[in-house]
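As written, the chains take the letters A, B, C and D, and residue 1 is the first residue of each chain.
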Amino acid sequence: MNKVVANADEAVRDIKDGMTLMLGGFGLCGIPENSIAALVRMGVKNLTCISNNAGVDDFGIGLMLKTRQVKKMISSYVGENDEFERQLLSGELEVELIPQGTLAERCRAAGAGIPAFFTPAGYGTEVAEGKEVREFNGKMYLLEHAFDSDFAIVKAWKGDTDGNLIFKGTARNFNPMMAMAGKITIAEVEELLEPGELAANEIHVPGIFVNKIFKGVNYEKRIEQRTVRQN
Amino acid sequence: MNKVVANADEAVRDIKDGMTLMLGGFGLCGIPENSIAALVRMGVKNLTCISNNAGVDDFGIGLMLKTRQVKKMISSYVGENDEFERQLLSGELEVELIPQGTLAERCRAAGAGIPAFFTPAGYGTEVAEGKEVREFNGKMYLLEHAFDSDFAIVKAWKGDTDGNLIFKGTARNFNPMMAMAGKITIAEVEELLEPGELAANEIHVPGIFVNKIFKGVNYEKRIEQRTVRQN
Amino acid sequence: MLDKNGIAKRIARELKDGYYVNLGIGVPTLVANYIPEGMHVTLQSENGLLGMGPFPTEAEVDPDLINAGKQTVTTLPGSSFFDSATSFGMIRSGRVDLTVLGAMEINDRGDIANWKIPGKMVKGMGGAMDLVASAKNIIVAMMHTNKAGESKLLTECTLPITGLGCVKKVVTDLCVMDITDRGFELKELAPGVTVEMVKNATAGRLVVEGEIPTMEI
Amino acid sequence: MLDKNGIAKRIARELKDGYYVNLGIGVPTLVANYIPEGMHVTLQSENGLLGMGPFPTEAEVDPDLINAGKQTVTTLPGSSFFDSATSFGMIRSGRVDLTVLGAMEINDRGDIANWKIPGKMVKGMGGAMDLVASAKNIIVAMMHTNKAGESKLLTECTLPITGLGCVKKVVTDLCVMDITDRGFELKELAPGVTVEMVKNATAGRLVVEGEIPTMEI
């Protein structure tokens, strides 16, 4: 039972046309760069992608939009992407917008075996349309469901061959919940270590949730808003 | 704004008769020893305690049972405690038994602002009595609610004066979710450090969830089942 | 009248020692520049950071360390990182003491619209709907009128709603108002602004009682 | 007939390389002693440990490191610690490949009763109800009959139920049975046990088809 695969191409090879993928990251921070590149090379089509954002024109999920591999995006915010806007307005691309906390919690629910939960976000808005509303302690909540996905693809900082993962800084974001939520979870890591090299107490995602792991290469880690102060 | 208090007595002093407390720990592992001792000294009564277990006769929550301070226990397992059994059979003590995963998730829900969720545990059993049942994808689930508690009392390994916590080994158990769930959260720690001494990436509970923190003393850390191998 | 920095400066006076604060993108972000010396305020960034520090120097820039506006930031002693589910957990469970947001429109019952303009490309609500549905203390920072000179403080929002009855206070270029059962209660005027100017610029129910002081900023 | 160790040994033959396994208290715990050499099996302990190692030596004993039976244990390279919500998250989301539990009674539809005896002090279900409600692959390890000689494999459980239709296989001192739509399907006999003995000891629907092999252990 070996979870380690040689590279991104091997990791994603069972992904088929029409599948639903979760992709970790917030903006361009903590995105699975190697796997996205492999999906573009592979050319798999009609994907539904659950990801907080949709990348930018020439990076992140934006690369898969350019090649028309994405049928539908499920995100909380999709700005900063002209090609996205063009495909959306032309009707080539579907988009479902979901409050960010609800997006996170629907991933978390999937990984925790919770099929549905109540959350206040979106009550009284168009997000509530068609959803069950219920009052608890005088406040109104919507019933939201766990996401159902075929693969989750996440990016971690360090991982071991048993699939244990540690994230770095705010590159953690959606990655842990998605790692736990995927029917099959692929993790790409900057450093791939032997079992025991990560401290048991510091692991963010236990290996049981990870099915395939590989050491990524040539991380670009592009910055969207490089903001500095003079010192 | 100082979260640090001198000791357990100061930490628990706002706890009143009739309140509902969450107490971290699994068996005697990771229990807030100092705070329990302070509650016994203080003599506060008619408490409802949410805790996975009820301690043993002369340690943990067992100490509060002996002094008749507990009106009701909400737990998943309450064995190993003769005084508990005596009070239960005599009707002095109420007990509500909850599946362990549901107990954990009801704490987690409270800390995450989720008022209710569906879980499969207990469907078809007496745990389901009076609860809403719903089918998702062909499987039956029960609706369970977030716990409402006045105070959460947890035990961590290391903490800092901003309230950030790190747990050790399996002493983590229910402590993080309870820390997040309490209306007011008290944390006792073995080592109390300055902000910055805990690595931001390794913190298990961010300080925002912790209201009072103190350095505990004289931890006994009693072992329930000392099981060793010859080597 | 206040400029953006003036609005931020006035809102900063609402901060209290020990507060955990979430600042939205735009004018709200500027509030961080006016935290009083010696006051301990912790900034929460919903992408998974508590204890957000200033922008980095060139040497400190780390692509794995950004805020919810995707800007590079830094940490401070006591900072912690966490995942997005935990982040919105702390927001929903009411642990954030103050939330400052921009808005396109608000109404006199505290409803807010700040995510979508019909006919324009919709970029999404991000974390705004979670924040407004859960925060116990929301202050809106915005201009009193839009570019066409029309009031953004209405009886009914015309744009799609982000959340209902959640705004407690609004600070605009003209004034500070509390939102109560009676509507917009005028509390303070910006320097050089008259009650008449506020009346003319406010479409929703306005309550003006007694002498309205000019704000200290 | 099998003793407790024999039952554990037989169950160990159901293990596969790479499996994540949760072993209940009692006979199920013994299964860990029979994991085949060279096979990589990871034990999950629901109090928050993945990759449970053997009992510690005196020198290794750590009160902050116990299993779900409250026994002192050790870690192994690759072990991880987590909180109870995450632990039951992995159980509910079906990440545990095999769960082995003891039982007081099971019935021929796979219902299990293992937490409560009316009239006796009820200690609680612990994690049993979560495990049986979620595990995709549950094997029950138990004696075929109780101390009074009555069958524990029934048409209907007489004791309060822990979970419905969840047991896939049962290994007793007498035999191995699969639980299918047709009831208890006899698959293997323990050494020295006859089909007749199983028939006499089984109260629920029993399916015996073809030659029943004696188990290899």
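The rule is simple: contacts are C-beta pairs under 8 Å (C-beta built on N, C-alpha and C of every residue); 3 or more make two chains touch, one makes a residue touch a chain.
All figures in this text were calculated on a predicted structure; none of them were measured in a lab.
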Using the touch definition from the top, how many steps at minimum link subunit B to subunit C?
1
Any chance you could check whether A-D or A-C wins on number of contacting C-beta pairs?
A-C
At what distance in angstrom does the C-alpha mean of subunit D lie from that of subunit C?
56
Could you put a whole-Å number on the gap between the CA centroids of subunit A and subunit B?
33
Where subunit A and subunit D are represented by their mean Cα positions, the distance between them in whole Å:
36
Whole-angstrom distance, CA centroid of subunit A to CA centroid of subunit C, is 29
Sequence positions of subunit D contacting 2 or more other chains
81-82, 85, 88, 91-92, 134
Give me the residues of subunit B that touch two or more other chains.
105, 112-114, 119-120, 167-169, 200-201
Mind listing each pair of touching chains for me?
A-B, A-C, A-D, B-C, B-D
Parts of subunit A lying in touch with subunit C, wherever the complex brings them together:
26-30, 52, 75-79, 85, 88-89, 97, 99-105, 107-108, 119-127, 157, 167-177, 204, 221-231
Any idea which subunit C residues touch subunit A in the complex?
45-49, 54-58, 61-67, 69-73, 81-85, 87-88, 91-92, 111, 121-130, 133-134, 160-164
Residues of subunit C touching subunit B in the complex:
17-20, 40, 42, 44, 50-51, 75-82, 85-86, 88-96, 134
Which residues of subunit B touch subunit C in the complex?
1, 110-114, 160-162, 164, 180-181, 194-196, 200-201, 203, 206-209
If we count contacts the way the header does, which residues on subunit A are in touch with subunit B in the complex?
105, 109, 112-120, 134, 136-137, 139, 141, 145, 166-169, 200-202
